[in-house]
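The data blocks that follow each hold one structure.
Each of the next two complexes has chain A plus one more chain, namely chain B in the first and chain C in the second.
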Partner chain A sequence: MELRSRIRELFQKGEIGSLIGYGRGTLPLSARPIFITEGGVDQLIFDITCGVNLAKYLLRKKPIAGQKVGIICKGCDGRAIIQYLTEGQLNREDVYIIGISCPGMIDPNRVREKVRGRVVTNYQMNGEEITLSGDGFQLTLPREDLLSRSCLRCRYPSPPIYDTFIGSPKDRVEIQDEYRSVAEIESLPAAERWNYFQSEFGRCIRCYACRNSCPFCYCDVCFVDQTNPQWFGKGVELTDTIIFHLVRALHTAGRCVDCGSCERACPMGIKLTLLSKRMEREVRERFDYIPGLSVEETPPMAAYREDDPQEFIQ
Partner chain B sequence: MWQPKIIAFLCNWCSYAGADLAGVSRIQYPPTIRVVRVPCSGRINPIFILKSLQSGYDGVLVSGCHPGDCHYLTGNYYARRKFALLKALLEFIGIEPGRVQFSWVSAGEGEKFAQVVERVTEDIRRLGPARYLIKDHGAEVED
Partner chain C sequence: MRKLLKKDLPRLIEWLKTSYLLYGPTEYGFAPIADHTPELITPIRPPKGIFFPQYQVLFRYDGKVPKSKGIGLFGVRPCDAKGLLILNRIFTQGPYRDNYWQDQYQSGIIIGIGCNQPQPTCFCHWFGIGPFGKEGCDLFLTDIGDGFLIEAVSKKGEDLISSFDPLLPPTDQDLKRRDEIVARAEAQLKDGIDPKLIKERLDNLWESPIWGELAERCLSCALCTYLCPTCHCFDIQDEEKARVRIWDSCLFPLFTQEASGHNPRPEIRDRLRQRIMHKFNYLYLQYKEAGCVGCGRCVIFCPVNLDLRELMRRILDEG
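The block that comes next holds the complex of A and B.
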C-alpha cells in the first residue's frame, strides 16, 4: 500500500516525528483519527469513510522542536490548515502536510437512511456504484446517493499546499450549481422557509457534535457555554437551537471550507451546511473571498474595504 | 393604534448624539424606541440583535457613524461586514427583511434620526408583532 510505505519512509528520513491520520473505526463504514509514530504505520488507512477533518487535531498538538507533525490532508483538511495559518493559529514550520486526493466521502446519515436500520458490515466500490452488504442483504446504489453533500459540490479535492503528495494531485473541479441547495430554499416564500428551518432545527438535540467536529469551532469557551452572561438557553427549545446554529454560521462565515464534518457528525441528520453555504456565497459575492485558498489574504471578517456594498443601510 | 417595541443600538459618538439633537430641537418622532447606547457600532455583536429578537422586541434598529466618521476610525467598517452577513442569514431563514434595520446617523442629523425612527416604526407596524424566535419567558409564571 503506497500510503503506508510512503509514511514509513517519511518517519525513517526524519521528516516527521508523529502523524495524524486515519485508522479503522470500531463501527462498520467508519474511520477514526489516529495519532501515531513509526510503530503505528500499519494501522493507517485511507478510503471513502475517512470524512473526519483532521486539521482540528493540529491545534491541540504542542509542537516539539525539530519534530514536525505529519498530517494526512484531503482538500478540505488542507484548506482548513491554510485558514489556520491566516488566523495565526499554526506555524507552517511545525506541520508537514501530506496531500492526498479525495475520492469523496460517504455520509453515515445518508447510508443510515438507505439501509433502514440494517447493519452494514462491508462495502465495495465499482466505478460510480457502491455496494453495501450486511447480514442477509445487499444494496447497490449510485455513489451520489451516499456521498456527503459537501463532497458532491467539492471544487478542491486536493489540498492547495502540501509538502509531499501521495498519488497525484487532482485538478480543481468546475462545479456549476455549487449553491443549488441554498437556491432551492431561497425560491420558497419566507413563511415556508421559516417552516422548513423550524422542522430541520427542531430536531436538534444540542449534542454539539457539529461544533466539536468543526475545524473552525476552536474557541476556548463557546458562546453557548458562557454563563456570565448566559446568552442563550441550553435546552432544546426551538428559538435557542435556531439561534445557536445561526450564530455558529456567523462565527464560521468567511472561514468555513465546506468540509461537511458538521453534517456527517449530526446524529439527527440536520442539513447544517445550508446555513454555512449561504454565508459562503454572501462572503464570496460581497467581499470576493473564498476561504482556505491563500495564506496571504486577510480573512474577510478581520478586514474591510471603504467601498464595501451597503445597500441595506439607510 | 398598536405601538411596536423597537430596541435601538446607537453609537455614542454619532447616532446617540443625533438622537439627542432631535430631542433638544424638539423634533417629534414616535415613542417606539428603547435606546441602548454603545461605544461604537463595531461594539454591536450580532448576538445582541438575536437576543433582542428572542426577548420579544418587534424590531431592532442599529445606527452608527457614517463611513469615514467613526470615532475609532474603522469600527463601523467592520460592523458593516458583520451586519451584511447577519441580515442575509436572517432573511434566509424567513425573518421579515424590515425587522432588523441599519442606518448611519451623524451627530448633526437630528432631523434624519427622527425620520429614520419614523420609517422603521412604520415598517414594523406594517409587519405586525414579532412572531419568530421569541422565547416566552412569561408563560410559566402566568400559569
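The block that comes next holds the complex of A and C.
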C-alpha cells in the first residue's frame, strides 16, 4: 500500500517523529484516529470511512524532540490547518502535512437510516454506487445516499497546502448548488421553517459531540460552560438548545470548512451543517471569503476594510 | 405464560393505556404511544430519561407542583430494563433515597421484549442479562412469529395481565418455537467477560498508561454518558421559577470544576478513568454489579470508535 510505504519512508528520513492518521475501527464501516510512531505504520488505512477531522488533534499533539508531527490530510483537514494558521493556533514548522485526495466520506447516520437495524459487515464501491452487505441482505445504493452531505457539496477534495502528497492532488470540483439545502429551507414559509428547526434541534441531547468533534470549537471554556455569568439554561429546553446551536454557528462563521464532522458525530442525526452552511454563504457573499484556502489572507472576522458591507450603520 | 396473537396487539396497547401513560419505542427514544401500535425497535436513546428526565423540575417557587400519572414502558429490551433496575438500586437502595425517581419508577410498569436478533455490538451477556433476560420487567414478551408469549415477571405484572381477556393458553408448538428462538439468539452472544474480574483488575490500574492512550482519541463529549442506560450523574440549577435537575457527565471538565478554579480532574485522562472506574469498580464494590448492561450504544455511536468491549479486554490483559 502506497500510504504505508510513503509514511514509513517519512519516519525513516526523519521528516516526522509521530503521525496522526486513521486506523481500522472495531465496527464494520468504521475507522478511528490513531497516533503512531514508526512501529505503528502497518495500522494505517485510508478509505471512505475516515471521516473524523484530524486537525483538532494537532492542538493536543506537540512536536517531540524537535521532530514534526505528521498528519494525514484530506481537503477539509488541510483547510482546517490553514485556518488554524491564520488564527495563530499552530506553528507551520511543527506540522508535516501529508496530503491525500478524498473520495468523500460516508455518514454513519445516513447508513443507519438506510439499513434500518440490519448490520452491515462489508461494503464495496463500484464507481458511483456503494454496495452494503450483511447477514442475509445486500443493498446497492448511489453514493449520494450514503456520503456525508458535506462531502457531496465539497469543492476541495485535496488540501490546498501540503508537504508531500500521496497519490495525486485532485482539482477543485465545480459544484453548482452547494447551498441547495439552505435555499430549500429558506423558501419555506416562516411557520414551516420553525417547525423544521423544532423537529431537528428538539432532538438535541446536549452531549456536545458536535462541538467536541468540530476543529473550530477549541475555546478553553465554551460559552455554554461559563458559570459566572451562566448565559442560558443547560437543559434540553428548546430555547436553550437552539441558542447553543445558533451561537456555535455564529462563532464558527467565516471559519467553518464544512468538514461535516459535527453532523456525522451527532447520535440524533440532526442536520447541523444547515446552520453552518448558511453562515458560510453569508460570509462568502459579504466578504468574498472562503475559509481555509490561504494562509496569507486575514479572516474577515479579524479584519476591517473600508469597503466592508456595513449598511447597519445608518 | 399466555399467548397474544399479533392482531390483538393494538387491543393490548389500548388496554394498557387505560391504566398508564404508555410509552413505546421510536427511532430516537421512548415516546408516548399515540394512536398507532409502536414498531418494536431499539431506540437510539435508552428509556432512563422517562423516569429520570434530562431536565426535571424539582420544585417551583410559585407553588405549582408538577404532577404525573403512572408511566408504562412498552417494548423495553432486556438490557434497558436491567439498566432501569440498576438505576433504581442506586436511587433508592444506597445511602440516600431519591423521591423523584422512586415515585416515577415504582408507580410505573415495564413491559419487556426479548431480542430474537441480537446485534454484533450487543454484550449484555457479560452482565448476566442475555437476549431474553427478564430482570427489571413486570411483563415480558417473546415474539414467536404469529404472536407474542406473555409472561408475568412480577406480581404487578401478574395482576395487570390476569384481567386482560384476549389471551390464549400457548400450545406445545408455541413453546417449542420459543425455545428455538431463545437458543438461536443466545448462541449468537459468545465470549463473555466476568465483570468481577474487571473490577479486580481495575483495583491495580489507577496509574496505568491505558487512560492516557484512550484520552489521546477521546473527544471528551458526553455522547456515551447520555446514551448510557445506567449513567445517572446530575447537576442542580436554579432557574427563574423553579429548581431543576439536569443530566451531567463526568467527561465534561465542568463536572468537577471547583469554585476556587481548581479542577481535580483537569485532563481527559482523569475523566475517562473516572467513568470507567465508576462503572466497573466503584459500583461493583457497592452493589456487586457493574454500571453497564452491554447495550452497545456507546460502542455504536462514539464518533472516534472508543469501543468499551475492546477496553475491557485490554483491562483483563493488563491488570
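Points worth noting:
To be clear about the criterion, the second predicted complex is superposed on the first by the 309 of 314 C-alpha atoms of A that agree within 3 Å, B and C clash if a C-alpha of one lies under 4 Å from a C-alpha of the other, contacts with A are read in each partner's own complex, and residues count from 1 in each chain.
Definition applied: a residue touches a chain if its C-beta (ideal position, glycine included) is under 8 Å from a C-beta of that chain, and two chains touch if they have at least 3 such contacts.
Remember, predicted model here, so these are calculated numbers, not experimental data.
Of the two partner chains, neither chain B nor chain C is touched by A:K74.
Looking at the shared chain after the overlay, A:V119 reaches chain C, while chain B stays out of its contact range. Touch criterion met: A:M268 reaches chain C, while chain B stays clear of it.
Of the two partner chains placed by the overlay, only chain B lies in contact with A:F197; chain C stays clear of it. When the two complexes are overlaid on their common chain A, residue A:R110 makes contact with neither chain B nor chain C. When the shared chain is aligned, no partner comes close enough to touch A:R149: not chain B, not chain C.
Applying the stated contact rule after C-alpha superposition, one finds that A:E237 touches each of chain B and chain C. Once the two complexes are overlaid on the shared chain, A:F35 sits against chain C while remaining clear of chain B.
Chain A uses residues 233, 237 to touch chain B in one structure and chain C in the other. Remark: chain A residues 182, 185-186, 190-197, 223, 231-233, 237, 239-240, 242-243, 246-247, 249-250, 253, 275, 278-279, 282-283, 286-287, 300-301, 304-306, 308-310, 312-314 touch chain B in the complex. Of all residues in chain C, those touching chain A in their complex are 28, 41-42, 44-45, 54-55, 119-121, 216-217, 219-223, 225-227, 235, 237, 239, 244, 246, 249, 252-254, 257, 299-301, 303-307, 309-310. Across the interface of their complex, chain C is touched by residues 25-27, 30-35, 52, 57, 60, 117, 119, 121, 203, 205-209, 211-213, 225, 227, 230, 233-237, 261, 264-265, 267-268 of chain A.
Put simply, chain B touches chain A in their complex at residues 46-47, 50-51, 54, 67-68, 74, 77-78, 80-96, 101-104, 116, 119, 132-135.
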